[in-house]
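The structures considered in this document are given below.
First chain A sits with chain B, and in the next complex the same chain sits with chain C.
Here is the complex of A and B:
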């Protein structure tokens, strides 16, 4: 169904990949020369996880740009106006994070974040930003978070669910600490840097396997964040899973509670039901909805999740997750629609909470 | 003692064989004539599916000029190694190469995860080497590229190509 009234908070919307010409103003002279002489400026920084031309990667009717239309006009026409969106949390999934040279990756991430601020956020007050960080180098990531954080339009720091290290590992804690300190959510987006095979037993052959396997990666990430003690160490940290799906949650939570009961002496800091912690601290975006089209079954799954606070509205623009303007699945109860569209997002991002209160984060 | 390296009065001279010349497609579209419509459609929409995080570049960018000779970038565009006329002028003629062996590293299916597509790419690159390089330039020899983790197909492709390519390369 369509979003029934204005005011929605779209928590996952993607801006186009900037070319090197758009990033150049935000890159210093040394690196500009490196990119020029090494011909890096001619390269296509697309991530393997987001192939640009698959039927899923880009909706057919969103391929064309109208004459005289700027990229921002197009975004407004296709992604913001149709849903009456009041706030959209945008991200740029740039391949900088796939580089092995951490210094080069960090310079490019900074440029992407500056491009986000100057070329998008400055021109469209509905947009909020994601700080793209090099998770493989927490030192660089923290420096970038600290650099960008004074700009309150950025509401989260973004990493991929499959990077060098399982989310939750202590090497990444400086990133989590910086997020918590600065009132930024930790956004974990579907996708892999392919540092390892994306399954526990090797390399699949097809995109469909990689796509379906994302939910397993998110399960692993959530369990690791719990088991490693991240939620204890950082009591104010919020985790938002982007493009994770959510119908796999009930079985994860049941299994998590059961296994925790069996071996909880190994992780004594987990001193209450893990499912309670997940319901308090983890949020998941709506699209792609991995539920059957039948609203009755969707409602059953939501009842099993047993928490109305967790799902955040998202369009996943420009990925092809729904037809026309039908950004909501059918069958959602009215009060839950309101929570998904507005209340849950406004309560989940510390900076949106602060905005609502009219104070600074 | 102090004999000239090259005896210019000799009636014979050494032939110069370059065993490692890299040809590359201007773009993937160069391979489309050697692929079925079904796989051209796959190439255009699904595209490559490989074992690294960046789909169209190296995750370790090379140094100067992307590791290529800076003067090897063709005027008409495309990557170094994609223009036969430039290769002839700049390398084969200039260096006096009598036989040049092609080592086609790009898009031959060696890193493709989809086995069927890898086979199609391998076969197409082998066809393309013959049609775009070896036929127009008799000094060049093709090198069979195969997906190495698919030995059954690889052996079949090697057998078929070994029969098809005349040993003289003519």
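Here is the complex of A and C:
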């Protein structure tokens, strides 16, 4: 169904990949020359997880720009206006985060974040930003978070679900500490840097395996965050899973609770039901909805999740997740629609909470 | 319903830190000696009926923060032999779910043989001698 009233907060919306020419103004002289002389300026920096122009990458009807239309006009026409969106948390999934050269990766990430601020946020007050960070170099990531954080329009730091290590590992804690301190949510987006095979049994052969396997990666990430003690160490940190799906959550929570009872001594800081912690601290975006088209079954799944606070509205624009303007799956109860569209997002991002109160976080 | 006192073992048979599985009136019971005090739990985990007597006796693992481990209450818990659920030996209460999950706990005590000989009691499996100490369970 369509979003029934204005005011929605879209928590996962993607801006187009900027080319090197667009990033150049935000790159210093040394690196600009490096990119030119090393011919790196010709690369498009698309992540392997999100190749350009694949069928799932963007809806066919959303790929053409109309004549005389700017990219921002297009975004307004296709993603913001049709759903009556009041706030959209945008991200740019740029391949900079996959570079092995940490310095170059950091320079490009900074450029992408500046491009987001100057070329998008400055021109469209409905947009909020994601700080793209190089998770493989926590030192650079923290520096970038600290650099960008004074701009209150950035509400989260963004990493991919499959990187060098499992999310939650202690080497990554400086990133989480910086997020918590600055009132930024930790956004974990679907996708892989392919530093590891995306399955526990090596490399799959087909795109479908990679795509379906994302939900397993999110399960691993949530369990790792719990087990490593991230939620204990950072009591104010919120984790938002982007493009994760959520219908797999009930079985994960059942399994977690059950296994915790038998082996909780190895993680004694996890001193209450894991499902309670997940319900309090983890948020998941709506699209793509994996549920059957049948609303009755979707309601059953939601009842099993047993928490109305967890799902955040998202279009996942421009990915092909729904037809026309039907951004909401059928079968959602009215009060839950309101929570998903507005209340949950407003309560999940510390900076949106602060915005609502009219102050700084 | 009034309880019957059962003599279930000689004190010497269950030294401190050990446990013994016994059968009383058709029930399997796990008998624990915790520092000289005796506790009896139904030998049936409330989860799926695994034997508690066959489980490991452990302390309480806790942490003030991730990576800072602490063990207290040495030997006061038993982990079910099947799925590792922890139960307080003194109470039968589950550590993870104390409100809703508990193993059946029975009152256990020690009596001098001389006292028992006078009393009404049931000792199916062995004779009671006046000069010995015995573990008794009321159920």
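Keep this in mind: the second predicted complex is superposed on the first by the 361 of 361 C-alpha atoms of A that agree within 3 Å, B and C clash if a C-alpha of one lies under 4 Å from a C-alpha of the other, contacts with A are read in each partner's own complex, and residues count from 1 in each chain.
Assume a residue touches a chain if its C-beta (ideal position, glycine included) is under 8 Å from a C-beta of that chain, and two chains touch if they have at least 3 such contacts.
Quantities reported herein were computed from a predicted structural model and do not represent experimental measurements.
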| item | value |
| --- | --- |
| Partner chain in contact with A:271 - chain B first, chain C second, else both or neither | second |
| First, second, both or neither for A:263, with chain B first and chain C second | second |
| Partner chain in contact with A:204 - chain B first, chain C second, else both or neither | first |
| Per-residue contact with chain A, leading partner among chain C and chain B | B |
| First, second, both or neither for A:228, with chain B first and chain C second | second |
| Which superposed partner A:63 touches (first chain B, second chain C, both, neither) | neither |
| Chain B versus chain C as contact partner of A:45, first or second or both or neither | first |
| Chain A partner contacts - residues on chain B that touch it in the complex | 44-47, 49-57, 59-66, 68, 113-115 |
| Contact set on chain A toward chain C in their complex | 170, 228-230, 232-233, 260-266, 268-269, 271, 273 |
| For the chain C and chain A complex, residues of the former touching the latter | 58, 61-67, 69-70, 79, 83-86, 94, 96-97 |
| Parts of chain A lying in touch with chain B, wherever the complex brings them together | 37-40, 42-49, 51-55, 95, 97-101, 104, 192-195, 197, 203-207, 210 |
